[in-house]
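Below, chain A partners chain B and then partners chain C, in two separate complexes.
So, the complex of A and B:
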């Protein structure tokens, strides 16, 4: 239980508890909804970082995991009466397995070709779902209000889902941290630096990459299930929203790819910024422009993101915030 | 005689219409240092790539310690105890020197966990004289140190056979001397070495035997003395054997 001695582990636990308890104490629903979004962004960015930051493969279509998880969950609950826990776990596992199979195929592509393929996957799944009658086609799936009754009524159910989402956020951060300190993580970093050299050094790159890709799909799929269950409905446009994929990349780059803290901080700051812009009437929907400019500036001037900058300033930070 | 550590049997490697390696065969005994020489473009590095699995040969077989490894991917080959360095160095730039070597130890023949790999890596860094820079980023090293890092990484895999691809090229004389010491002590550990080298003095003094390639074909094979006096070899290198003889005589005088 060496990890119990690490300050980082306790930082994750403390912040997650704060997220969970603070809105509940004041019964503040508005704050809760803001924090849900913030937590979802942290989940998306942290798991995307396993590909971009750890393995060096830019996944432009990571939102497909979130959307697929959402669809599978709502379909199982709405159509077959599964309970929420079983449905999100099943959705996570299925999405992960599909991603594993897909990974062995498209991870043969490198660089920009892989990135293009991932956009293609997201768009293809979106088109398929839009035309798939069992999942409501372009109308999507609606959960009847009675669904929430089994969870003690809508109010109670929404709080439960909120706590679960915060839990998934904490799990994402811990998973990312464990992988970074593992032999598996070392292999991924070697692939990121020079895949050919890594292969010659003995890293089973095709298998490692596919596993990383598959792992990066699991928690976003679970989070998608929880998020759309909370919303009570899902439509293709919202589930497979490519904008959110690209915004996730901005969060990862803003905080610092390849670190655990970076995507976390990046996602938090990006959510704040986006909230600010969306509530300023003259600037609404301007956030995508800002995101694009931000991404350009980071790549040009601070490729290490906020954490890269911090590490350079205070090398000691590296010991606490990984 | 015991089984050779490496048998290269009639290996041919073609790229489109170009035959880079043409029906090359040779054996290597356990504990031997075998030099692989030849003019630029003779197919030496291609042959290395075939031996460690980067390329699958068009024809022929590679047998390592009695096991046919033809077509095995490089990550499986290194697990069996056959490691290599690259002529054009491939450091993992954004990782420290220590982390680079830990990768070698973790994914090498021993398949070590992170912690034991750390010990092996430090031991290998000490052995190759890189221990003082273990926390430097690998990308920041100069070329001589990067070459040594290549050797250290390969060595951390605990190989039985090490392929060294021009580890002396681009080094100044004192760096060459240091590297030669490292290579000799690797051999003293009982590791067989197959090395490509252009610095003749070095390869002649180190090698037990030498194989000469020219235009993808094996031109000669033998002790350094035999090879150095082979008129065909001299012609491949210098063009005109008569002139070569004159140069050699002038040098001796």
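So, the complex of A and C:
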């Protein structure tokens, strides 16, 4: 139980509890909805970081996990009356297994080729789902209101789902942290630095990469299930929105790739910034421009992101923030 | 039978325009290993530049000239601002920096023109050849695409500057040792790639209505076409575009139009997996 002594573990627990308790205390629905989005961003960015930051493979289509998780969950609940917990777990496992199989194929590609393939996979799945009548085609799936009855009514169900999403956020951060500390994580970092050298030194690169890819799919798929269950509906355009997957990359870069705290802080800040830009009338037309300029500036002048800058400035921070 | 024939012919003609867009993408990748994710938004920008010149009273085909010139300088500027600094960094950096350029273009474009559709309204002739009906706009777009491609080949193989571009593509350091100013060549190559993308956008704008977001579709088609032909290989990209157009044309009579995208992307991923250097070999 060495991890109980680590300050980082307790930071994650404390912040997650704060997320969970704060809106509940004042019964503040607006704040809850803001925090849901924030938590979803953290989940997406943190898991994406496993590929981009740890393994060095740029996954441009990571949103496909989120969308697929959402679709599987809503399909099982709406069509077969599964309960929420079973459905999201099943969706997570299925998405993970599909990703594992896919990973053994497309992870043979490197650099830009891999990035292009992930875009292709997301678009192919989106176009397939848009045409797939069983999942409602481009109309998507709607959950009837009665679905929430079994969870004690809609109000109660939404709070439950909120706590679950916060739980998934905490799990994502802890998973990211455990992997970073593990031998498996060390192998991933070796692949990132020099894949051929890593193979020579005995890292089973194809297996490691495929497992990292599959692990990075599990929690986003669960989160997708919860998120779209909360919304009560899902459409292909929203589920497989390539834009959100690139925004997740922005979050990872903003905070600092390869760290655990970086994507977390990056996602939080990005959500705040996006909200600010969208709600300020004079800026709302330009929110894309400002986000673009911000991304460009980070890439050109601070490729290490916020954490990179912090580490350079105060090296002692490394001991507390992973 | 005639219906299938005309559908295939339509596919072939539009495929040439896809090919032109794909050449713009593949040229930049071939010379500097940068996958230009601003490609789609640049195509859309080409459409709107044509719209502006057309609105100013210029004939659409005459407007192609200023669009091309603007496209070239736009590309050079994008290169100097967003690509130059990170050109030797990891692929993630150039993917993200070109993507941020795309966000900026689309953001400004949305603010200027909103996302509602526009079209170029001009007189189009219709010809009937043995029962196959074709519009002059489609024919001219295809011919223009072929001419621009020939022009590019003439430039790459028959001019000193073009040879320098190919030298830098082959081996940047060796080219520098031979006294070729590689930074300028890279900027010029990026300009040409952007010019081709804008031209293809302008040609597409003479055929279909467009919005500022239309570029995304053609960007993905350019990816598919250039991967089919082997990334970095301009001839391959043109052939890839033609293949793509032929696939679209030949399946169109049989299935719903929305399924063609699924087919294209599945082919795309399969080609990447099994023929990563494309059907016609990688860069030349």
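The rule is short, and it goes like this: the second predicted complex is superposed on the first by the 321 of 322 C-alpha atoms of A that agree within 3 Å, B and C clash if a C-alpha of one lies under 4 Å from a C-alpha of the other, contacts with A are read in each partner's own complex, and residues count from 1 in each chain.
Simple rule for what comes next: a residue touches a chain if its C-beta (ideal position, glycine included) is under 8 Å from a C-beta of that chain, and two chains touch if they have at least 3 such contacts.
Treat the numbers as computed from the prediction; the structure is a model and nothing was measured.
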{"item": "Partner chain(s) touched by A:291 [first = chain B, second = chain C, both, neither]", "value": "second"}
{"item": "Comparing the two partners chain B and chain C, which touches a greater set of residues in chain A", "value": "C"}
{"item": "First (chain B), second (chain C), both or neither touched by A:116", "value": "second"}
{"item": "First, second, both or neither for A:105, with chain B first and chain C second", "value": "second"}
{"item": "First (chain B), second (chain C), both or neither touched by A:183", "value": "first"}
{"item": "Contacts of A:152 with chain B and chain C, given as first, second, both or neither", "value": "neither"}
{"item": "Footprint of chain A on chain C - complex, ascending", "value": "29, 33, 35, 81-82, 85-86, 89-93, 95-97, 99-104, 106-108, 110-111, 220, 223-224, 227, 231, 256, 258-259, 261-262, 265-266, 268-269, 272-273, 276"}
{"item": "Chain A contact footprint on chain B (complex, rising order)", "value": "52, 54, 73-75, 78-79, 84, 86, 90-95, 99, 102-104, 106-108, 113-114, 117, 153, 157"}
{"item": "In the complex, chain A residues that touch chain C", "value": "52, 56, 58, 60, 105-106, 108-109, 111-113, 115-117, 119-121, 123-124, 127-128, 130-131, 138, 246, 249-250, 253, 285-293, 295-296, 299-300, 303"}
{"item": "In the complex, chain A residues that touch chain B", "value": "181-183, 186-187, 189-190, 192-194, 196-205"}
